[in-house]
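Note that subunit A is present in both complexes that follow, paired respectively with subunit B and with subunit C.
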Partner chain A sequence: MNARYAGPVRSAALAAAILSLGCGPAAAMIDGVIGSSFTFTAKEGSISAGDGQSIYCWGYANGNGLMQYPGPTMIVSQGSAVTVALANELPEPVSIVFPGQGPVTARGGRPGLLAREAPPGGRCEYTFTAHRPGTYIYHSGTRPELQVEMGLVGALIVRPAGFDTAKPRAYEHPGSAYEDEFLYLLTEMDPVIHEHALKGTLDRIDTTAYWPVYWFINGRNAPDTMLGAGVPWLPHQPYNCMPMGHPGDRMLFRFIGGGRDLHPLHTHGNHTLLIARDGRMLESVPGVSGPDLAVQMFTVTVAPGATYDAVFRWTGAKLGWDIYGHAPGDPMEPGEYAPDHGKPFPVVLPDAKDLAFGPQYSGSQFLGGQGLLPPGEGGFNPTAGFFYMSHSHNEKEMTNNDIFPGGMMTMVLIDRPGAMGPMMQAAEKGGN
Partner chain B sequence: MRSSTLRLAMALAASVVLAGAAGTGADAAEFNLRAEATALVMPDGRSIPMWGFALDSAPGANDGPVTVPGPLLEVPPDDATLTIRLANNLPEPVSIVIPGLITSMTPVRDGDGRIRSFAAETAPGGTGVYTWPNCTPGTYIYYSGTHAAVQVQMGLYGGVKKDAAPKTAHPGVPYDRDLLLLFSEIDPALHDAVAAPGGYGPGTAMTSTINYSPNYFLINGKAFPQAAPIFAGRPGERILLRFANAGLKTRIPIVPGLYLSVLGEDGSLFPYPKEQYTVDLLSLKTVEALIAPTGKGNYAVFDRRLGLANAASSPGGMLAYLGIYPPLMVETSADAVARGETFSLDVKLSEDLTQPFDVYLVVDTPGGAFTVGLDGETRRGIRPLFRNVQGFPAPFWTTIWEQIRVPLNIVPGIYTFYVAAIEAGTVPPIATLGDLNEGTPHVIMFDAQPVEVQ
Partner chain C sequence: MNPGRTDMRMPSAAFIAGLAALAIALAALPLGAEVVVQCPPDTDGIDTDGDGDPDNDVVCVHSAAGDGFINMADGRLQYIFGFSDVTGVPPEMVMHMGMLAAEFPAPTIVVREGQRLYLTLTNVGMMMRPDLFDPHTIHWHGFPEAAPIFDGEPFASISINMGSSLTYFYNVVEPGTYMYHCHVEAVEHMQMGMLGNLYVLPIQNNLPDGTDLNGFAHHTGNRYVYNDGDGSTFYDVEYALQLSGFYPEFHDANMNVQPLPFAAIDDRYPMINGRGYPETIDPDPLPNTETGALTRKISSLVTATKGQKVLLRLSNLSTDRFYTVSVLGIPMRVVGMCAKILRGPDGKDLSYVTTSVNIGGGESYDVILDTSAVPAGTYVLYCTNLNELSNDTEDFGGMMTEIRID
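Right, the complex of A and B next:
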């Protein structure tokens, strides 16, 4: 029990310094571009990997902004006619496919194998009606084995009709309600391909010999996943992945397989309830029954091209002790797991002299609790939240070019009711 | 696709006759398979030594072509027992196994006790008989169970299907048409080694398949752009896609323009179908999914794990198109073109018409309707493009115009191309083909395709 408790705190240590720097707008709503008319420019730029490596990429920029990886997260409303105008500043034709949307009509540019393409220096335009809500992906339909690898991939979120930000739902059905939502767009990269693209030796690229060594969530490797969104030193990687919530919150995780490999996305702290795949709820009677076929999983198999919606809810259930250290007569906290109310922490902590401290240990094992710490220890978890890792369970993918830890990994922060961790405070303030 | 199905049907008929003659009972499907070396030529010109199966009309007939994948074995709904008579023209023993169909198997061990074959072997030059007495409805993969690390990759695989009833995959799951989409891969290094004398095995340059690394990716034995669009069905039909993976790598088939109702896997149904546009297709899995496209066109299906190259050249690999065509169809290469650009125009007929008919092609423009002639000239009034057509073997598909250049001086707007099959020698009572509808006298069928001139 002690080990289970100490685990996440110890793991969180690696995120400590960075978390304290988090200053961007990390919100309970997913960052993206809201509307129905979008202008993207396919252009080049270099991203920063978790080990400091600079990787030359191609990506979709919002308007004439910077190339970004992944492309802008498009957030549209169900039923709206969506238009995406694509300009191409890359040396190859590019395009966009919108799996699950249809029919997509395209004009301009030239015919391609999967979609009309914007030639180098040219443009084309795509139009479709977002008929159904859900989580979707978009990516290049031109040489996708090269261009998706290069970074031409992004997320599309369709809000259900009548979407209410105060009572958000992923789909029309109340079974898809949530309090907070977070994107996990999973990709990977083989830098050898990117070096050839940078040098202009595209003809020497053999995508069948692809061998990725970097793994990303929302375009960042751990530990950068936990930085704030929009930090100025990652100009091409504006999105973070640092889910934060309170006990009892339904945290909607929108998983997307953006690359070409499958990833077993594993959550600590609790299972996730898988309620949808490919923008369709897991339901026995489509459009009627709601997610009655949802399943609890501790690892969601995220296949490339596919999307998954999963609800993560943490209450401390079945820990067997009161996470607040309540006495039996104390009032309940919101979202508290009632059967453990007032149950004592079952372990006598060793003396502080016998403990190793992580910078995020607050000095207390209790949620929101503070305790005495030796001089120089702690200080990076002022609200004393609980940190739970979520990551690819293919542990090799938790590395940055052979350096552990890193890769496809981040932390989920559970804060006590009413408390807001440093990044949540930043989000409330709307950024810096 | 269609012709090979026809061949198979003929072969099936022959084998049923044979079964009757041999007195094995009317409710047993029998197939005469022959394992033999062949070659596949990849789109980049590389010829790959393969091992494949042929379907013979009778034991020893040697009249079927050797293909990779092997012929699709269609077990009639009423047949409880599947029997395969296997002739082996390869230099090493082979066998047949079908995961999901239960039978008693007799594994063969090497002298040191290690399993060499999951089922009884058929020696080189010999024949063997394999029987599955309780063949259940579903989609399955057959493949060689001998030295499987090598023989399956060499090409000894194919599909098996059995329906619960005619045009009914499982009880309560009817369909109008079905299509097998069998994914597989090739690592040419393995094939070259196996084909070379002493090239593969202990003490040779390639001692095992541990470094298997495919770089050709096939759907139904073809790498893009080898396969023409596969006619899958008509708009509005329920089309059953039978996905199968005979390779060693996980594939994620994706149909970005459609949702699939994924019914089940390994020949079994899920309790409820799943609506997805992707399919999880792991090695030796089969997945059955229904599509019901309402619009005509070519729907791309490809591998989202992006096996989309032919060795180092791109595009290629596991990309195919499901053709959803009305019986008569006009198809343009673009929905929208700018003045000065070019596009092409095809007329497609995918149904046998017994009665003679005339084909008309008319373009309705903002300035009035024109009839199009075979020479590409336009004329006022309605005149046939082809007269007195009969006996077209479907599918018939002809490109009327390869490179239509849109004049710079024409009026922008919607130009609609109409194609119609009219009873030969008759004239429909209309002013332009734009007046056509389903009830117009003498009209057998018609189709329209708008193109926006910008």
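Right, the complex of A and C next:
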């Protein structure tokens, strides 16, 4: 049976899906703290790993808020003078370095190896001008081999001059335009180090024996990556990573290597067009030509400390069958690939009892199609969109401390034109 | 895929255990499960692959997913999950032929741009693990504009249960070097060996003799990596070299029905096309010591005649690491990456010459070696992560092969 089903929407499953996916705002814009003056407090707290494990961490809190992992995503405008005041509630000195920014002026605190440091109970302040648009990292410059592992790391996004939220661009050049943007800050953790930090046995930490068993996107392990941003049961991990869009949307993925390992980030569904690295467009004439050196990649090597801006765009063109299951006389969907309109689905799918079904399978092979599924199957795709995994292709990193699946993985949702899932509706309303 | 089948020798203990498992598995199959191959004729009257024949653009492949055995270069037996080629096997024989026949790497899939591939996957079950009821899929890694139904990623799609068949359809429009693997319980099934080479030949190969490619004269039989329009990706001979590694304790735990050590994965058998040196340079298919079947069919020996251009289709499907490979003595010209010609959006040439290529899991590179400027002789392709030049504790082996130019 390969006909397009017109089955009922299962309300229980729908409710479950809404609960699971959409409690918070899903961002067409990356969540973060917008401005030019920031106050961070380095403090302790415990995050929740994807297997339910509690991991003691150090992190940057926004103002007097909770410790968070990663630190607040700073969103600033090109040319603005940025000030970050850092207060330290941790038992050892901390600092912040801003790779790619400069010169950075630091005041207060005491001198450190890579940056001035805020001593325990003390403060210091950093000032720099955000000269260049792009995606950047910030992290502790004090014992970074320990403190970044402990959680003192975050993202910095510099908007180009003349940034227009209605027509966003990553850089000034129109070749960097996008409709939606999403952050992928990639990190990993070895919980043994965190146990020592919790017990106060820092002297027993051996970073040469480093063996990460948790891998994160924006501070969460799968499947928590797909929860809403700001869900109350993850108070120290406010950011999600659940890219959502429609066919033809240019979805800007900002990849950051935030840990110490390389990660090959693979996008299902289509290649990404890599347009910038480390805040610099891949262009032959800087500031003039636009991303004429951009390359298409189905897996992007995300190196530690490096950032990548890549545009993901899916249209379903040239599949040789109509992804909507149209009859030839049906009206076209916006942006539909016309030569495939009305082309029949090319194979007969096996009987349901010969198949295993994924939670994000709608029961139909067609975009927007709802289908009958056996009881208990599917249910996490209320708008019948197409879901595409994006994940570390060092497959081992899709586990949470020996448990598969999890880790550095999330799903990208492409909804039928006009369809707006509960998560998108939440985003439109401005949050939870 | 190589349609050749291999004979099994005298049944071993594993084989007999497998038969018992088969009996259990078949008894557990749901009513209605059956092997079905879908391979419709090409009736559209259009020559989509550019070879002048409008009626030959459909290509059908039948792959069986199951389990089996291979030996490592130091002799250690490893239990694997994997694929075998059952194209053309009568449906009623597929379960039998696919049983304990898994190969590593999986049979190579080569298709041409413009073809329509009907790839049938039959799940023949894991004979040595009758407690498992794992479904399987085929993920064509890197297929552009993929639809979930044929992507093989099981969360967003469907997977096929034991004793049944699922036919994937691909309208093949983008040439390049891809790879394929099962995506069900990806860490386990990939560490266990469900990995293979897959690449697409460009339609430019089928141009009429004498076609002028921007000053480069195309001749019948010429081959190119991409539709370059200028002959810049021309090559004479090609070799797909897939990098991977095994963590032996994982395979042993799976064989012995023990908890799987995901977090401990630390590959110790680095391989090219399923072999560690010196087996990489053995031109013949290699049997395993458990069933006797030839379950490592793909040599990594590269041979060419001086003056030829050698295309290496490099990919990495390791589950835990990056590898850097180098060819000692022959410059490596990288012309493609991730199944795309290395050119900017406006066509700028981004190809480059190097002596090393770093490849992460799920990445591919197209490298051309020009042998016209080097003396005849034997050259070495090796992993410059030098710890990978070993077969577990056996030194001098691992991720290395030879390029022989005569």
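Just so it is clear, the second predicted complex is superposed on the first by the 387 of 432 C-alpha atoms of A that agree within 3 Å, B and C clash if a C-alpha of one lies under 4 Å from a C-alpha of the other, contacts with A are read in each partner's own complex, and residues count from 1 in each chain.
To be clear about the criterion, a residue touches a chain if its C-beta (ideal position, glycine included) is under 8 Å from a C-beta of that chain, and two chains touch if they have at least 3 such contacts.
Please read all numbers here as calculations on a predicted model, not as lab measurements.
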{"item": "Subunit A as common anchor, with subunit B and subunit C clashing or fitting", "value": "fit"}
{"item": "Partner touching more residues of subunit A, whether subunit B or subunit C", "value": "C"}
{"item": "Once both complexes are placed on the shared chain, angle at subunit A toward subunit B and subunit C, C-alpha, multiple of 10 degrees", "value": "80"}
{"item": "Which superposed partner A:A306 touches (first subunit B, second subunit C, both, neither)", "value": "first"}
{"item": "Partner chain in contact with A:L146 - subunit B first, subunit C second, else both or neither", "value": "first"}
{"item": "First, second, both or neither for A:D351, with subunit B first and subunit C second", "value": "second"}
{"item": "First (subunit B), second (subunit C), both or neither touched by A:S284", "value": "both"}
{"item": "Partner chain in contact with A:L319 - subunit B first, subunit C second, else both or neither", "value": "second"}
{"item": "Which of subunit B and subunit C A:F404 touches, first, second, both or neither", "value": "second"}
{"item": "First (subunit B), second (subunit C), both or neither touched by A:L262", "value": "both"}
{"item": "A:L293 touches, of subunit B and subunit C: first, second, both or neither?", "value": "both"}
{"item": "Subunit B versus subunit C as contact partner of A:L113, first or second or both or neither", "value": "first"}
{"item": "Minimal inter-chain CA distance - subunit C and subunit B, angstrom", "value": "5"}
{"item": "Shared subunit A contacts, counted only where both subunit B and subunit C touch the same residue", "value": "262, 284, 293, 301"}
{"item": "Subunit B to subunit A touching residues, read off their complex", "value": "213-215, 250, 252, 254, 256-259, 271-272, 274-278, 280, 295, 300, 302, 304-309, 311-312, 314-315, 317, 319, 333-336, 338, 452, 454"}
{"item": "Sites on subunit A touched by subunit C in the complex", "value": "211, 213, 262-264, 266, 268-271, 273, 284, 291-299, 301, 314-321, 323, 346-351, 353-361, 365, 367, 381, 386-389, 392-396, 398-399, 401-405, 411"}
{"item": "Parts of subunit A lying in touch with subunit B, wherever the complex brings them together", "value": "97-100, 102-108, 111, 113-114, 116, 141, 143-146, 148-149, 205-209, 257, 260-262, 277-278, 280, 282-284, 286, 293, 301, 303-306"}
{"item": "Touch list for subunit C against partner subunit A, complex", "value": "30-33, 36, 38, 40, 116, 118, 135, 141-142, 144-149, 151, 153-161, 163-169, 171, 173, 184-188, 190-191, 261-265, 318-322, 337-340, 342, 344-346, 348, 350, 358, 360-363"}
